Amino acid sequence: MNTPFTVTLEARGVACDRGGRRLFEDLSFALAPGEALLVQGPNGTGKTSLMRQIAGLLPLAAGEISAKGAEAGTPTAELCHYVGHLNGVKTSLSVRENLTFWADYLRGDATGGDVNAALGVFGLAPIADIAAGLLSAGQKRKLALLRLFACPRPIWLLDEPSVSLDVASVERLRQAITGHREAGGIAIVSTHVPLGEAFTHTLDLHALDMAEEPAP
Amino acid sequence: MLGLGPHASFIIAAYAVAFVALGALTVATVADDRKQRRLLADLERRGITRRSAKPRPAATPTVTRTAP
Amino acid sequence: MKAVLALVRRDIALSFREGGAIGVALGFYLVVVAIAPFGLGPDLNLLARVAPGLLWIALLLAALLSADRIFHNDYEDGSLDVLAMGPLPLAGVAASKSLAHWVTTCVPLALLAPVLGLLLNFPIHTIPLLVLAMLAGTPAVSFIAGIGASLTLGLRRSGLLIALLVLPLYVPVLIFGVSTISAAVTDPVRLGRRFMLCAISLASMVLAPLAAAAALRTGFR
Amino acid sequence: MTFSLTNLANPTRFLNFAGTVIPWLAALTVLLLGVGLYQAVFVAPTDYQQGETVRIMYIHVPAAWVGMGCYAVIAIAALGTLIWRHPLADVAAKAAAPIGAAFTFVILVTGSLWGKPMWGTYWVWDARLTSLLVLFLLYLGLIALWQSIEDPGRAGRAAAILALVGAVNLPIIKFSVDWWNTLHQPASVFRTGGSTIDPALLTPLFVMGGAFLALFVLLHLIAMRAEILRRRVRVLQQTQVQQAQIAQAARA
C-alpha cells in the first residue's frame, strides 16, 4: 500500500465541449506528487466532465493532459482511479467478489494491493460474503471507493465521493486522501462536503452569472 | 399507343414504380429543405440569429493554491 | 492476459447468477424449432431437408435475444467506465465480453441443437458435425453481435435495432453454416466449407472488436 | 478537387455553392431525363430475345449504378467522419442514405418486374438480386441508427462505423451469395450484358445513366443543405431555450 508515487499531472489549455456548448476553456494546472485539487462549482459547469477528461473517457476539445514520472508509455488513464456517480458494483456478486474482480482486472499482470486489507478500510469486512445487491446506498458507495485501496494507482479522481456517506466515513475518506498524499499520490476531488484541509489547490468552475447576460 | 408487346403491363409498372418512388423521394427532399429554410428564416426574423447564438464566452477557470 | 481472464470469468459468473438469460435463450430456441413443423407440415423428409437452415436461423435469433446486454449492464452501472481504464485496450474489453457472450449463449445453444435436430428427423450420425459446425461458426455470431450492441448502447429499443443492423451481416455465416451441415448429410467427404466457416469466425474475432471499441468510444458520455 | 474540398469544408460556403448549383443541376436533370426517357421508350430498338421488356433495363441498370455508387459515397464519407473529422462528411453520409435506399428499392422492384416475363417468376434468389437485397437492408439499418440516436455527433460516428463494417462485409456477402447461388442454381438463367449489346441500346442507357446520376447529385445537394439547416435550427432553438432561462432568471 505504501508504494511511494512519483507521478505529476499536468493539464495545458484544456477545453471541454458538451452538447455543442463550450463549458470551459484554457484550463491549465500542474499537480506534483502529494498535491490535491478541490474542484468546486455549481452543477453543469463541467466538474464531472473534467474528471472524465482526465480519466480518458471524454475527448478534449483542446489542449492536453499528461502524466510524467510513470513508466514510459503508460496511458494516463491507467494511472488513475475514477469513482464517479455510478458505483460500478454488480448486485449479484458478493462484496469480496466485486472487489477481487476490480483488483484483478485493474492490476492486469502487475502485483500489489491487498483485497483483504482494503475490505477493512470502511469496515465492510464483516459483510464481505454478502451479495452487493443487499447493501445500502452508502455501503455500495464505500465498496466503490475500496477500488482505491485494492489496486494502488497514483492519481485519484473522485466525483462527489461523499454522497450518501455518513459523517464517520467522510472523516475516514479524508484520512485516506491525506494518507494517499503522504505516499506521494495526487487526488482531484469534487465535493460539497468540506473535507478539511486535505487540499493544496482549488479550482472554481463558476458559471458565468446568468443574470449578467443582456436579456433579449 | 405504343406497341409494347405482350408484357406491356410489366414495362408500364416498372416505369410507374420508378417514377413514383423517385418522385416521392424528390418531393420529400425538397419539402424538408423548404421546411428547414422556413424554420430558420422564422427564427432569424425573431432576432435569434447565429450572432446571438454565439455561445456565451466559456469560463476560463484558474487553479489557485490554497494550502502549502 | 490476467485482465482478460478476470473479465471473461466475471461475465460468465454473472450470467449464471443473474440467471434466466441462458434459460430464456434455450427456451426460445426450443419454441421456435418446435412450432416450425406446424407451419411446414409434419412431413419428415421435408423437415430433414430444411433442418440445417431452421436450426441455424433459430440459433441466430436466440443469440440476438441476449445481444443487447453484452455491454448494456456494464454501461448502466458505471462498470464500463472503469473497464475502459484498465490495462486492457477497449478492443480487448469488447473482445472479452463478446467471448463471454459466446460461452454463455452460443455454446449452450449449439449443444441443444442436436436434441432439436432429432425433432426434425435430422440423421443421427451427422450430429457431431452439426455441433462442430455450430461451434465453429457461432464466434462470428457473438462478435458481430458485439458491434451491434456497442452501436446501440443506451438507446431505446436497442434490441430490435441490433437485429436490424446485424442480421444482414450474418448472411455469410448462415450460408456456410447451413451448407457445412447439409454437406455433412449428403456428402461427408467434401467439407472444405467448414474451413470457410472457421475463417469467417476468425476474421470476425479479429476485426469486430476494433469496430465495437470505436463504437463504444462514441457512446461514452 | 482540392480546391473544392478545402473551399466547401465550410458549411456556409457549401450553402452558397449549393444555392448556385442547384437550379442549373435541376435543369440538367430534367433535360437528361426527358431525352433519356424519350430515347428509351420511343427510339431504342427491341431486343431480339427479350422483346419490349428490354425497356425496363433503361431504369433498372442506371438505378443499380446509382444505388451501389451511393453506398461508396457513404463509405468514403464515413472515412471522412472518422479519420479526417471533416465537418461535412457526416452530413453527406446522412443525406445520402435515404436516396440510396430509394434507388435500391427501384432496382429491386424493376428487377422483379423484369424477371416475371423473363424468368416466369417475380423473384429468383439470383446472386445479384440477393446481394442488392442485403444492400437495401444495410441502408435501412443506417437510416434506423441515425433516427435512434439523438445527439448528432454520436449518431454520425456510430453510423460511420456501421457503414464501414457494411463496406467490409459487402464483398464477403457478395462472394458467399455467389458461391451459394452456384450451389443451388447450376444453370444461369439471367444474362444481361455480355459484349453483344447493340450500340443503339447503349446510347439511351448512358443518357439515362447520366440522368439518374444528375438526379442523385441534385437530391444529395438538396438533402445536405436541408441537413445543415436542420442543425442550425437546432442550435438556434437551444439558444432560444437558454435565452428564456436567462430572462426568467433576470425577472426573479
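Per-chain residue numbering starts at 1, and chain names A, B, C and D are given in the order in which the chains are listed.
Rule of thumb we're sticking to: a contact is a pair of C-beta atoms (placed from the backbone, for glycine too) under 8 Å apart; a residue touches a chain by one contact, two chains touch by 3 or more.
What you see is a predicted model, and the numbers here were worked out from it, not measured in a lab.
The chain with its CA mean position farthest from that of subunit D is A.
Contact counts per chain pair peak at B-D. Rounded to whole angstrom units, the spacing between the C-alpha centres of subunit C and subunit D is 32.
Centre-to-centre separation of subunit A and subunit D, using mean CA positions: 48 Å. Distance from the subunit B centre to the subunit C centre is 38 Å, each centre being the mean of its Cα atoms.
With each centre defined as the average position of its C-alpha atoms, the distance from subunit A to subunit C rounds to 37 Å. For subunit D, the set of residues that touch two or more other chains comprises 151, 235, 243.
In subunit A, the residues that reach two or more other chains under the touch definition are 21, 213, 216. Counting partner chains per residue, subunit C shows two or more touched chains at residues 221. Residue ranges on subunit D touching subunit C, taken from their complex, read 82, 134, 137-138, 140-141, 144-145, 148-149, 151, 154, 157-158, 161-162, 164-166, 168-169, 172-173, 175-177, 179-180, 183.
Residues of subunit A touching subunit C in their complex: 52, 55-58, 77-78, 80-82, 84-90, 92-93, 97, 101-102, 104-110, 147. Subunit A meets subunit B in the complex at residues 15, 21-29, 37-38, 41, 45-46, 197, 199-208, 213, 216. By the touch rule above, subunit D contacts subunit B in their complex via residues 41-42, 46, 51-53, 55-56, 59-60, 63, 98-99, 102-103, 105-106, 109-110, 113-114, 116-117, 215, 219, 222-223, 225-226, 229-230, 232-233, 235-237, 239-240, 243. On the side of subunit B, the complex with subunit A involves touching residues 47-48, 52, 55-68.
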